[in-house]
Every structure is written in C-alpha cells, then in structure tokens.
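Two complexes are shown next, each including subunit A; its partner changes from subunit B in the first to subunit C in the second.
On to the complex of A and B.
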C-alpha cells in the first residue's frame, strides 16, 4: 500500500518534471526556439524556416536520443545489477560498453567496407556488447566475490583499451579521425530518419524486460532459491544478456560511450521507489534514466556559450562520486 | 640531424639540405621522395612517433642534433638525450600566428646547416612572393562567404578571427564567416549556430575529409548546411603529407590555392594543396 502511494507520487512528479525538462531541452541553447516554432516544426514543418529546421532536425532527434540513451542504459544497468546481484554492476563497469567500443574500433580502424555504413556500425556494437556480456557471464561461475567480478570488468576494459590503442597506432589518419570523433560521444549525431529504427530496437528491449519481470523479482532472493521456485535460470540469464547487449550496443553505436548512467540511475531508482518489484523498477528506470540524461544535456546546452562539456564528461563527473558513495555505504 | 616534424623536412628541402637528415619520426608522414628513398636504402632512420622515439635507433643514426616540435613542453626523453650528448632543439614555428612568421623559422635550419645566407635570401624572397600574392588577391572581385572547419564531438571547431588560418584567409582577400571573432586558437561552436550563421556561405574549406561520404559518416548533420547541399567544398586532406611538409615554407602556394578557389577557377590540377571534395 505504502509502495503504491510512493509510486503514485513518483508518477505525478515525473509527469510534471519530465515535460518541463523536455521543453527546456528543446527551447534553450545558443539559438532560442520559441513554442510556436517548436509546434510548427511538428505540425506544419517548413524547412526554409531556420528555427523550425533546427527544431525538427536537431532538437527533437537529440531529445529523443537523450531519452532513449538515458532510459536504455538505466534499464540495462538495472538488469545487470539484478543478474549479478550487485548494485555496482552496469554495462560500463562490467565491460559491455568496452566490448561494443572494441568492435566499433575494429570496424572503423580496419577499413572493412561493410562496417563503413550505419548498419555495419550498429552490428559491430551489438556483436561487441553481446560477446563482452557472454564473457562476463561465463567468468562469474569461477568467481565467488562480487568485488572480483568488478575487477574482471575493469581488467577487461583495460584489455580492450590496449587493443584499441594498438589499432590506433597502425590505422590510417582518416580512420583514426573517424574513430576519435565517435569515441568523444555525442547525442547530436543521430538523424531524424534513424529515430524509427532506434525506437524499434529500444521497444524490443522494453518488451523483453517486461516479459521477464517475474524471474527478475525472484532472482533478488538468489539464483538457487529462484531455481527452486521454477525459474529457468539459464534462459533468464540469456534473455537479460540479449536485452543488455541490444540496448548498450544500440546506444553505444549512435552516441559513443556514455559512462555511469547505467550504474547510477538504477541505484537512484531503488532509493526513491524503495521496492524490489521489477515492474515498478523498470518503469522507474525508464523515467528517471531519460529525465537524468535530458537534464544533463539541457545543462550542457545552457552552459554552451561559456563551457564546452561533452555528455560523457558530465555523466562521469556525476557518476564516479556516486559509485564511491555506494561503495562506502556497502563497506559500512 | 634528426627532425621529428614533417614541417622540418620541408624547411631543409627549401635549403637543399635533405642530405643532413639522419633520422625522422615516422615514415607514414613523409612526402619528400628523397627522404623516402633514404629510408628505403637505410641512410635515413625512422624513429617512431615524436612522443615515443626509439633512443637505440637515434644512436644508430649517429645524430648530433635533434629538432622537435615541443607541443607538450620539454622533450619526454630529454634527460636521456642530455646523457648521450645529443643536443635537442625545440621548434616553435607552430606558435606563430602569421604565415610569414612561421616561414621565418627557416633561419634556424639555415644556422644548423651553415646556410644562413641562403636562408635569409629565401625568407626575403618568400616575403616578396607573399606580398605579391596579397596584391593579386585584391584583384579578384568575389565576395563569397567561406566556412571553415568541421564538427568534432559535440562542437564545430573553426579558426578564430586572429588565428594563423584566419590571417591567411584575410591576406587572400577571402570573406571568412568568423573573421570578426577574437582569439588566436579555435572557436568551439554548437552545430546549430553554424547552420544559422552559414546560411549564406557558398564555399567550405577544410572539413578534414576527402569525400562527402566521409564527411557524412563523421558528421551526418552536415547535410543541413546550405554549403554542403549547394556550395563547393575543398580540403587538403587528399595529400596531408604534402600539406604538412610544404604549407609552412611555401605560404604563397597556399595563397595561390585560395585565390583559385575564390575566383572559381580551381581545378584539381591547378591547386598545390587543395582538392575538391565530391
């Protein structure tokens, strides 16, 4: 009862905060766009009008990408935290991002023709994220401590960085440039016509997550107990891995690496909702994740005239201290 | 001597002193045929990138003097070089904010190769050629707006109004979009602002890529720039090594290219550094 009340307040709050944040995100920046141009850019779009062009082709795709990236990474992070029963798990910490980045590096730095396309880049990121997830999952069976798992994730990140550095040294100038630009991370490069494809994969991730709510709820009490209650652990693990790889790979391919969102937001959601019910947690992560990244990006746009801040830098500035706080709290 | 920048090779070539080169940084960045064949025959040794040169190879080349660019201050292996008795000299030509100021560093190589008289004569000649270039540029009556740079990460980087590139454009009589801005470095601008500012730009220089396809792969939103849709695009990326070796010591070639582009008479054959980006 108390939880339902909390969830209701949370939803009411989100219904106020998110639209406000989205409006700020759309309207502020070096060039301010008024409400009328924003509205017309959707309902009676005129490409000759610069304000409408900016809103239609730049601001809306950027807003949608910020929502998808924030929500997707948070959802992926929540799933990994439940799977590994570890609040410090997340696609970035456990090397899923690193796997995606490695494959993108291979695709951009080796000059293989197929990878020079959008589809090639997405495929590379998905393959990399999935392979890294598989690797981490197989490693867990050999490790007893959760800290060891995080260390393996860290080592895997260093290992992939070393391969990327090696590829960078032996690549051509143009290839190196393309990869460097991608690795800076950006929410701005996505095109309006790519949005349907992104939303399609994003929705698959959400639907699959919704389908495994029951196993997720039971995984909280431990794999053995969940197994005794009839949960097919191996099957659940694979589905979680597929969702995580899909979401992380998709977002990494389009935005580059974005750190710590997948780690920090699921923890914030748990603190706010005080529940282990995954149907509520999924909803909470989607809302808080998207609001969080939209807020970060709005802040960046607001500061644009005085400071140039890449999105990955801001999320790391917020996320890294958060990880330290979580670690200290757990040690106590 | 060992030279760790392509620009240094260009300067030694200007003094007909390529034979003084015992080692270079990375063969990947060499344009000069003589240097390439020197490396092939083993007369010139490739040491690796400036930050990580092989000291063993440097010793093997019997180098007495090493010139480096000093982008990050003192040379990373300075103490080792001191112990080995190898003199290292930083070259700060890249800090100069004017094209002729950069070319003046030829004098350093003149002294090192005992060709100081020749170096002074070359500098005087370059000054004359460059001044004549400025006069030529004024004769071309075309006021098209030029956009420079490209998006990297979240921002569009373009030369600030007092930078070396902006001065070169001004000397070429070019109407550069951000010529009135302050600073000698780069401007970091949101892409949206560039779209708005560059509505009337018809020529885009230095996007950093050889083809429109490559531009779109790194910056898909470039498609909304009027100059991308309807204008002309030129870049020196087609032969970067030529550009880095010769653009500092032949600034009048640079002016020549800009004049041809400005006058709409540029073809890939009559340009020294630039090529049309299609």
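On to the complex of A and C.
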C-alpha cells in the first residue's frame, strides 16, 4: 500500500516538472518564443508570423520527437533489463542501436535506391535493430554470466562500427556528409508531417508492453521460475524483441544513435519508485525518459547560438559515469 | 500422487530408468545421490522441463502427456536451491507472484488471492517481513520466503532443489520442521534433493536413492548403509 503513495507523489511531481521542462524546451533557443506565440501556433496558427512558424514547424515536432525518443528508448531499455535480468542491459549496450546504425550506413553510403527514400531509411533501421536483437537473444542461451552478454554487445558494436568506417572511407563526399550528420544524432531533423507515423509506431510499442506486464513481473525472479509459474517464455521473448527493435529502430532512424538513455532511465525509475511492478515501471519510464531527454535537448538548444552539441554527446557525458556508479553499487 | 512406470529419462541416451515407483501425498521424500547422478534431471522430468524418452508418468492421477503447461503450474510448485532476492521486490509482492497461475492476463490479484498470501506468510512466520525488500533478508529467511512463494501456489506437489544447501544448522532443522508440518497438514507430496544425510535420518525422512542409473526407495537405513548404497557400482 505504501507503494501507491509513492507513485502518487511521483505523478504529482512529474505533472509539475514535465510541463515546465516542455515550456522551456519550446521557448528557449536562438530565438526566444513567448507564451502567447506558442499558444497561437497551435490554436490560431498564422504562418506569416515568424515566431509562430518556428514554433509550429520546428519546436513542437522537436519536442514531440524528444519525448518519443526519451520515452521509447527507456521503455526498450527496461524491457531488455527485465528480460536479461541485468540492470546494465539496454538497446545501446547490447548493440540493437549498432544494428540499426549499420543498416542506415549501408543504405546511406552505398546509395542503394530502395533505401534512399525516407521510408527506406526507417525500414533499414528497423531491419538492423531486429537482426541485432535476434542475434543477442540467440547468443544469450550460450552465455553463463551477465557480464559476457555485455561484452558480446560491446564487441558487436565495435564490429559494426568497423564496417561503418570501412563504408565511410569508400563512399562519395556527399553521401558521407549526410551520414555523418545523421550519426551525430539530433532531434531537430524530424518534420511535422512525419510526427503521426512516429506516434503510431510509438503507441504500438506502448500497447504491446502493457500486454506483457504479467510475464515481465514474473521474469524478475528468473526465466526458470517464471516458466514454472505458467509463463510462456518463448512468446514473451519474441514480443520483447519486437517492441525493442521497433522502438529503437524507429528512434535511431529519425534521431541517429542516442546512447545511455535506455540504460540509465530504467535504473533511475526503479530507484525512484522502489517497485518491480511493471505497470508502474512502464509509466515511470515513459515519464522520466521523456522528461530527461527534453531536459537534455533544452540544454542543447540553449547552447545552440555558441555551439552545436549532438544529443549523443550529452547523453554519453551523463550516462557513462552513471553506468560506473551502478556497477560499483552492485559489486559492493 | 506421482507414478513412474517403465520410465526412461535422459537427453539423447537414457540417464535414469525407473521400472515402478510411486510417491504418495502427505509424504516427504529426500532425493539423494552422488554429484552428477541426475537428481536435477529427475526433478526436471516431473516439472516437464525434460521430456521422457519412454514410459508412462502419472501426475495427480493423470498421464503427464495430457497435462498442459499452464495446468502444471497449478499442480507442481518448484523451489530453486537459492533465491538471491531482487532489489525493490518486497516479500509481500514476491509471495504474490505465486498466485500467477490463478490470475488473469493482467496478473491482478483478487482479495481472495491476497488473503491466501497473508495466510501463508503467517504460517511461515514471515508476517513481520512483508514490507521488507527481498535482498535485505538473511539466507534462511529468504529460503523460507521461497518456500512460502511455492505454498501460495497451492499445488498438491512441492519440489525443492537442495533447499538446505546454503543454510546453517539451526535453519536446516527449522526448514525440516516446516516441510514435515506442511506435508502432513496440507496433504502435499514433497520431494527435495539433498546431501544432508544426517539431517534426513534424524528426522526419519524416507529416502529415494539415485544410483546405477536407477531409483529405489530406502527407508530406515543408517548413514553407513546409505553411503555404501550410493557408492555401489553396477
């Protein structure tokens, strides 16, 4: 019962912090946008007004993308941590991102026609993420320790980045430029017209996650124990694979690789909510993940007039030390 | 409760063959055998995780082939040799997981389910730990929790894989007392694998000895007789 109280406080807190962060994100930048222009850009949009145009065409899509990316990667991270019973798992560490990146590199750098289109880029990323996820899942059955799983993920990451480097040196200047821009990672490349598609995939991910709350709650005590309590492990694994590949692939296609969000946020969520109830954890990850990435991106926007900081740089700066802290806490 | 007839157990080749063995309810059996004799494989056969190479296995008076996987979780509960605890998982919520075979797809427990959880917690003397995090318990307390979790599952058969392996002597005896009590009071068929021969002999527990690729019941044996039985080469 104590736990519901904690959740209520958390929800009240986030109802204050999230809108505040979102407002900062929308208004701060090279050009400041005031509240009435933000309001008008939705309710009585006037494309002639520069501030409104900026808010409508760029700031709002960017805010939504930040929310989707933060929430989606955190959700994917939580699913992988529960499935592998490992708090250091995540789409980036386990190479699901790398798979998506590799396929995007192939499509952008080799200029294969099918992948040249917008939809082609997304499907390339999805295929890559799915294949990498499949690979990691089949590898786990041969691994005894949790650390080896992370090592395999890292090795897979190095392997794919070697292939990407090889593609880079042998590609044309123009292709190289577009790939480099993509790989820096950014939330600002998304267009207003793409938002419905992104939200659609994102919602599928959330709905599927909500459907497997019971298996997730049981996986916490181990696959063997869960299966003896009547959980269909194979089926659950496949659903988790589909969700993580879908979310990671989608987000990687639009924003480039974003490191550590999927690893750090699920840990923060568990520490804040002090629960292993996944219906609460899913909600918590969505809220904290989106708030976290919106906050990071607000900071990037704030610095934009002096320096163009890729989102991946900022999340790594925060995330890498965080992983070390988690490791130290665990070995104590 | 459990009946083995002409059974061959193994992965590709037969590891254990059992001609005829019947295990009853309201009884408790200690499964003994040297390392690598196939104790875990034997337990996994009952839980359906290792498929039979041949023969007929009857569980709860039905052929094991007819029992579906989700039904099995209402007939057999299993306690692993060690539960390490999970951070942020309270004892109460851990025990509640034992109701999973009875809850719907969303896994929400009814008031009746919670009543069972609390009743079992009281029987096992865990009421004061309910709010506690499962990683902050001692090994002995955690083992009692794991057994309580299995009891919450309300199955006629309870299997335990070396439940005393990580316990000190007082906790070993406490665990034996609990198991003996449960078997009698709740008419359960309890099977546990162990290397603690003294403990079982003191508590007059019936042995099932695994040796020479076969199983036999051994009752009222002394320690020396039992050891030489297990040593015997075919």
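The rule is simple: the second predicted complex is superposed on the first by the 328 of 332 C-alpha atoms of A that agree within 3 Å, B and C clash if a C-alpha of one lies under 4 Å from a C-alpha of the other, contacts with A are read in each partner's own complex, and residues count from 1 in each chain.
Basically, a contact is a pair of C-beta atoms (placed from the backbone, for glycine too) under 8 Å apart; a residue touches a chain by one contact, two chains touch by 3 or more.
This structure is a prediction, so every number in the text was calculated from the model and none was measured.
Enquirer: Check the residue A:275 against both partner chains and state whether it touches subunit B (first), subunit C (second), both, or neither.
Expert: The second partner, subunit C, only.
Enquirer: State whether A:122 touches subunit B only (first), subunit C only (second), both chains, or neither.
Expert: neither
Enquirer: Between subunit B (first) and subunit C (second), which, if any, makes contact with A:185: first, second, both or neither?
Expert: first
Enquirer: Under the stated touch criterion, which partner chain does A:217 make contact with: subunit B (first), subunit C (second), both, or neither?
Expert: The answer is second: A:217 touches subunit C but not subunit B.
Enquirer: Given the superposition on chain A, which partner contacts more residues in subunit A: subunit B or subunit C?
Expert: Of subunit B and subunit C, more residues of subunit A lie in contact with B.
Enquirer: Looking at the overlay, what does A:228 touch: subunit B (first), subunit C (second), both, or neither?
Expert: second
Enquirer: Applying the document's definition of touch, where does A:57 land relative to subunit B and subunit C: first, second, both, or neither?
Expert: Once the two structures are laid over each other on A, A:57 reaches subunit B alone.
Enquirer: Starting from the residues of subunit A touching subunit B, keep only those that also touch subunit C in the other complex, and list them.
Expert: Of subunit A, no residue contacts subunit B in one complex and subunit C in the other.
Enquirer: Along subunit A, where are the residues that touch subunit B in the complex?
Expert: Where subunit A meets subunit B, its residues are 29-31, 50, 53-54, 57-59, 116, 169, 173-174, 177-178, 181-182, 184-191, 300-301, 304, 308, 310-311.
Enquirer: Which part of subunit A faces subunit C closely enough to touch in the complex?
Expert: Interface residues on subunit A, with respect to subunit C: 2, 211, 213-214, 217-218, 220-222, 224-225, 227-232, 270-271, 273-277.
Enquirer: Can you check the complex and tell me which residues of subunit C touch subunit A?
Expert: 47, 49, 69-70, 72-74, 76-78, 80, 83, 86-89, 93-94, 97-98, 100-101, 103, 105-107, 131, 153
Enquirer: Please name which positions on subunit B make contact with subunit A in the complex.
Expert: By the definition above, subunit B touches subunit A via 49, 152-155, 188-193, 195-196, 199, 208-210, 214, 217-221, 224, 237, 240.
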